[in-house]
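Two complexes follow with subunit A in common, the first pairing it with subunit B and the second with subunit C.
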Partner chain A sequence: MNTIPSRTAAPGTPTLRPTLHLDRLGSVIAGLIGLALFLSPFVTYRANRIVSGEGRLLVDALPPAGALGTIVVVLGVALCAVLARRPLIRLAAASMGLGVIFPAVGFSAGFVTPAGNTFARVSPAIGFWLLALAFALIAADALTRLRFGPWGRLVALGIAAGGLALLLLSGAWNDLSLMKEYANRAESFWREARQHLWLAFGSMAAACLVGLPLGLAGHRIPALRNAILQGLGVVQTIPSIALFGILIAPLGYLAANVPLAAALGIRGIGAAPAFIALFLYSLLPVVANTMAGLGQVPADVIEAARGMGLSRRQRLFQVELPLALPVILAGIRIVLVQNLGLATIAALIGGGGLGTFVFQGIGQSAIDLVLLGALPTVALSFAAAIILDAIIDLTQRGAHD
Partner chain B sequence: MIEIEHLSKRYGDNIVVDDVSFTVGEGEIAVVVGTSGAGKSTLLRMINRLVTPNEGRVLIDGQDTATIPEDELRHRIGYVIQGYGLFPHRTVAENIATVPRLLGWDRRRIAARVEELLDLFQLDPGEFAQKFPHQLSGGQQQRVGVARALAAKPALLLMDEPFGSLDPVIRGKAQDDLLAIQRRLGTTIVLVTHDMNEAFHLGDRIAVMDGARLLQYATPADLLTHPAEPFVEQLVGTAERPFRLLSLVTVQDAMEPGHAEGEPIIVSATLRDALAQLIWHGRQDLPVADASGTLIGRISVDGILKRGRSLA
Partner chain C sequence: MSTRALILRAAALILLVAFVTMPQLFAFAFAPLTANNAPAIYNQGSLLALTLSHVRIVVLATLASTLLALALGIFVTRPAGREFLPLSRSLVNIGQTFPPIAVLAIAVPLVGFGEKPTFIALFLYGLLPIFENTLAGLTEVSPRTLEAARGMGMNARQRLWQVELPLALPLILAGIRLSVIISLGTATIGSTVAAKGLGEVIIAGLQSNNVAFILQGGLVVALLAVLLHDGLGLIERAAARRLGRPVDEIA
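Let's turn to the complex of A and B:
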């Protein structure tokens, strides 16, 4: 298995000349890059939006000079992945690779599309995605090894977001099918994006508003604890579609019989049941983590606080909650990442959100429309996870260095 | 002065503290000693009302503590527990400032007090004020715990096994430091321990508890010479008794006039230390010096033995 020369020679077998260091993960990734570069299509060309397309290798997808330049850079990154040891160099190489193939796929779209043809569609193909995956893996591995602090990770996220914004705003991707789908429905894209965020963040906020006091009650009153956790555990096991179904009847009844509810836009289908379902799914992580966080506050700390004359309220806000905060935030992180994904399902019952494009796209067999809904969802979840992880680290004051 | 009058505590049918009464004078250290489960902690926690007594009352300077609101009472009484319970999310300075902040002291006064206490406990403010508890050694955490309890200048300090998690070497030094600080500030202390040596080292008076009852409350010498019950005698340890006695009396009390050869012993040393010196140097007698180094007499093995017998 161990065929790669390793840095440390076995005892008793002195190495006479320095062995070349080959990175094991890097070698696998380099193989992936080679496969992607020479054997997989870089873009897919289709005569129109829904017919199946034909793949183009990178050499055919760009003008000769551009193709050569891209291949040189990509091979350079692969070489770095195999040979370079310093994580910072590996990160720089991966970033450069991403910085080249993302604009390249945009230019490729313009190059492959016949002049004046407005029906033709060009999308990134498996080769592009494999390259992006390979570079992302190198970058993620390097970032892990660099052990950035919370601020470092936020800055890295900011740089990535800035690069993406630059790419999209510069128009470099405008010839890609994905951006054509966007251009055709820019207005509804932003409306659904707002709705998506509102569903995810709103239900999270509601879950915090209800879940924090519920968790506190469960912590203080042991008899309540199991009842609360079991009740919420049952909710968690209901599949989302089934939960929507369960909610249709009572909400429909409410809308029909309570004028105020109808006035607020509550109906059996639409945003209301989606919001309520997300809210219910969010409760368990918030409540359970609040209980766990409060439960792990050391007993002698509470005893000392009581002995010094901190009132119940002062103990809660100055000692118990600050010490439980990292665990509570970990629960909120779970909820936010989960909700940003789950909110996609809301579109199924007319609740809106980015899922609208996913399901429209599936209906029309238009994969780029699916991506228009799916990619921003993934990016949002990813960013939310990184931001909340950083906040959790920042709140762990005095816990470690 | 604190007066403990007929305190009792029951949990269900289980009597944990049974009709305990004693008085601690101003500026005295009373040590409550006994085996685990004797009810020591419960007794201590009834003084600051972390535990509500079923019967009896506690008077501080004549005032019944039941008439003072709980939190206000605790602001006036320092409290140190075995694990210290330092707030892990707060710096050393913030920890020490806890009660002054609750009392609404202004920031300058708090800062000055924190610095004063860090100095008193030999913790350099520049180095330690901004550290977090987990960055401190056990001995440093202990000092911060005591400093925090003393921050608002309480007249009474309650300590529940405050040296219990220190290793023996640091423990002795920490006990000496506490004694020095207590003598300087004049704070009244009630301290709980299961360590008899600690009780004799620190206590002006010792309360021996067993099975929820107070068996005897007396000075260390009385406890040795007139144990009230066999259990007290057993706890004190018959074999150790003569040495404990000698450690309660200073050279002053057994000094004889005259001269002796050798390294002088200071007059304030205990007879136990003097005997150790005599044995170590293989001498029958040694000169005695006062604090300024002037020779003022001699101390002899015979003199110490005579003195040790007459006490018993």
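Let's turn to the complex of A and C:
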């Protein structure tokens, strides 16, 4: 066991007696790991895709050598969480833990499924998810303490994405029920994923095109400001499924009576009402943040720009907008994360997107189909948040230089 | 708040109560939206009962998340919980990227259909804003104020109850308000997993292609949201006003 000087020792005072430091957070996580490892099923085995299943503990879910190896690694990570102080060591331990249990659960699926049985389904169970959560917590804590800059965070995200891609492309998970659901509908999965991205990013782009000038107008003309903000605020209170639904009526009318609209593919149900609803929800963050960003540009900076002979247009594009950029981007981050989540609801009105699988899965009580829609949605919002946070940091740094 | 704003709020409240108790009175307004003699007013259950169960689940979930978020927020700002502070900050940030519908969808396999997954989704999602604001409120109490309280001979418990929590109260209330508003909207999605609520009205409208139903459900939720937003805002301002003077004196 390694010994570490107590954290409570005053800096500079040499500790005479080496004391053992137990990390409180690490101890809690180690408890979670113990619970997950020995008391919770690692995978669930089901005779077919919709019956309820039986849990298998880790020792029954892998061949003896594999189970032993996995347990040793997991316990090693738990020990690291309790004893190691350096964030880098903890991060490495957590990554190793994740790097072992993710392939292990896929391997376990192949091991548990009887040979030749194509109906049986194996899914990760609560024990696996708790282990993944515990390791992710250690990694998140270590990453927080390491205080990576924007580039560091992007690299970390890239490594995580690369690991996930390797896992999926190598076929290590092919025996899991989740991937069987995917294999059955690979084509529609990518179609709906593209639709999801188009809905989320397209409506965000439209909201920027309309919202930036609107925000600028609100900034320049104080009388407009409150009217715009209040109007957009009311839109936010309408629940998403209602707004999606309400838009069906006017669009249906438009499609029936305006040939051009119908030719453009606008119909009452489908992607058009979903796109417009997402667009309407996106306006408030973009407009409010544009106003806030422009409002916080110091008056003497604008005065100085005027003194340098910059025209009104030059002041806007060369001084005000660059200085307001981080705040505007923060609004765009809110919009993007919100849209990637809300686009799931579009499936309810025939708008497609990854929500299609979520609602199909709910309808068939097929859990893994729900996950096939929900997990990519979560991953997309998570990645979008990290990337935009990094961009905001970079622009802020640029503004301060 | 100006008199005009008060009258508007009162009118909204009366409209809401009248609509959910006697919806047939409003049939004339919704009739033009229906086609093929479809009913203009939701007829598969009482609007009042659905509204009450909608509000009930939101209130219960918010109460539960308030209790846990407050306890967690207090814990990680005490010396004993300091080690958890950086992680809990990042967890709040990460948690907010989870779409509510994903939380709901993932809860279904764990606890089955009905009220339970909705409650879990509302509870988990509601934790975030309250916890975030509790953290912000408690960590923004100035060290000088705490030093003064210590100098007056207050012990840690007295400092928490008599100084830190009252100073953090307006922010905590703002977190609760945000949480309630998000939950009101999310609870409508709960009806896709068979929870009783106003989402039922909207989904019935989507299924039978009846815009009148969709509009009714949406309208009641929106009215509820606006009224709760304002009502909680009043409490918040009252809390801030009560603090107003002492805060200024210290700052």
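To be clear about the criterion, the second predicted complex is superposed on the first by the 382 of 401 C-alpha atoms of A that agree within 3 Å, B and C clash if a C-alpha of one lies under 4 Å from a C-alpha of the other, contacts with A are read in each partner's own complex, and residues count from 1 in each chain.
FYI, contacts are C-beta pairs under 8 Å (C-beta built on N, C-alpha and C of every residue); 3 or more make two chains touch, one makes a residue touch a chain.
Everything numeric in this text was worked out from a predicted model, so none of it was measured.
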item: Touched partner set for A:309, first subunit B, second subunit C, both or neither; value: first
item: Touched partner set for A:152, first subunit B, second subunit C, both or neither; value: neither
item: First (subunit B), second (subunit C), both or neither touched by A:378; value: second
item: First (subunit B), second (subunit C), both or neither touched by A:231; value: neither
item: Touching partner for A:344 - first (subunit B), second (subunit C), both, neither; value: second
item: Between subunit B and subunit C, more extensive residue contact with subunit A; value: C
item: Subunit B to subunit A touching residues, read off their complex; value: 48, 50, 70-75, 79, 81-91, 98-99, 102, 132-135, 145, 148-149, 158
item: Residue ranges of subunit A in contact with subunit C within the complex; value: 23-25, 126, 137, 140-141, 143-145, 234, 237-243, 245-246, 248-249, 337, 340-342, 344-345, 348-349, 355, 358-359, 361-362, 365, 367, 370-371, 373-374, 377-378, 381-382, 384-385
item: Subunit A - residues contacting subunit B, complex; value: 298, 300-311, 314, 319, 322-323, 397-401
item: Contact footprint of subunit A on subunit C as seen in their complex; value: 33, 80-81, 83-84, 86-87, 89-91, 93-94, 96-102, 105-106, 108-110, 113, 181, 184-185, 188-189, 192-193, 198-199, 202-203, 205-206, 209, 211, 214-215, 217-219, 221-222, 225-226, 229
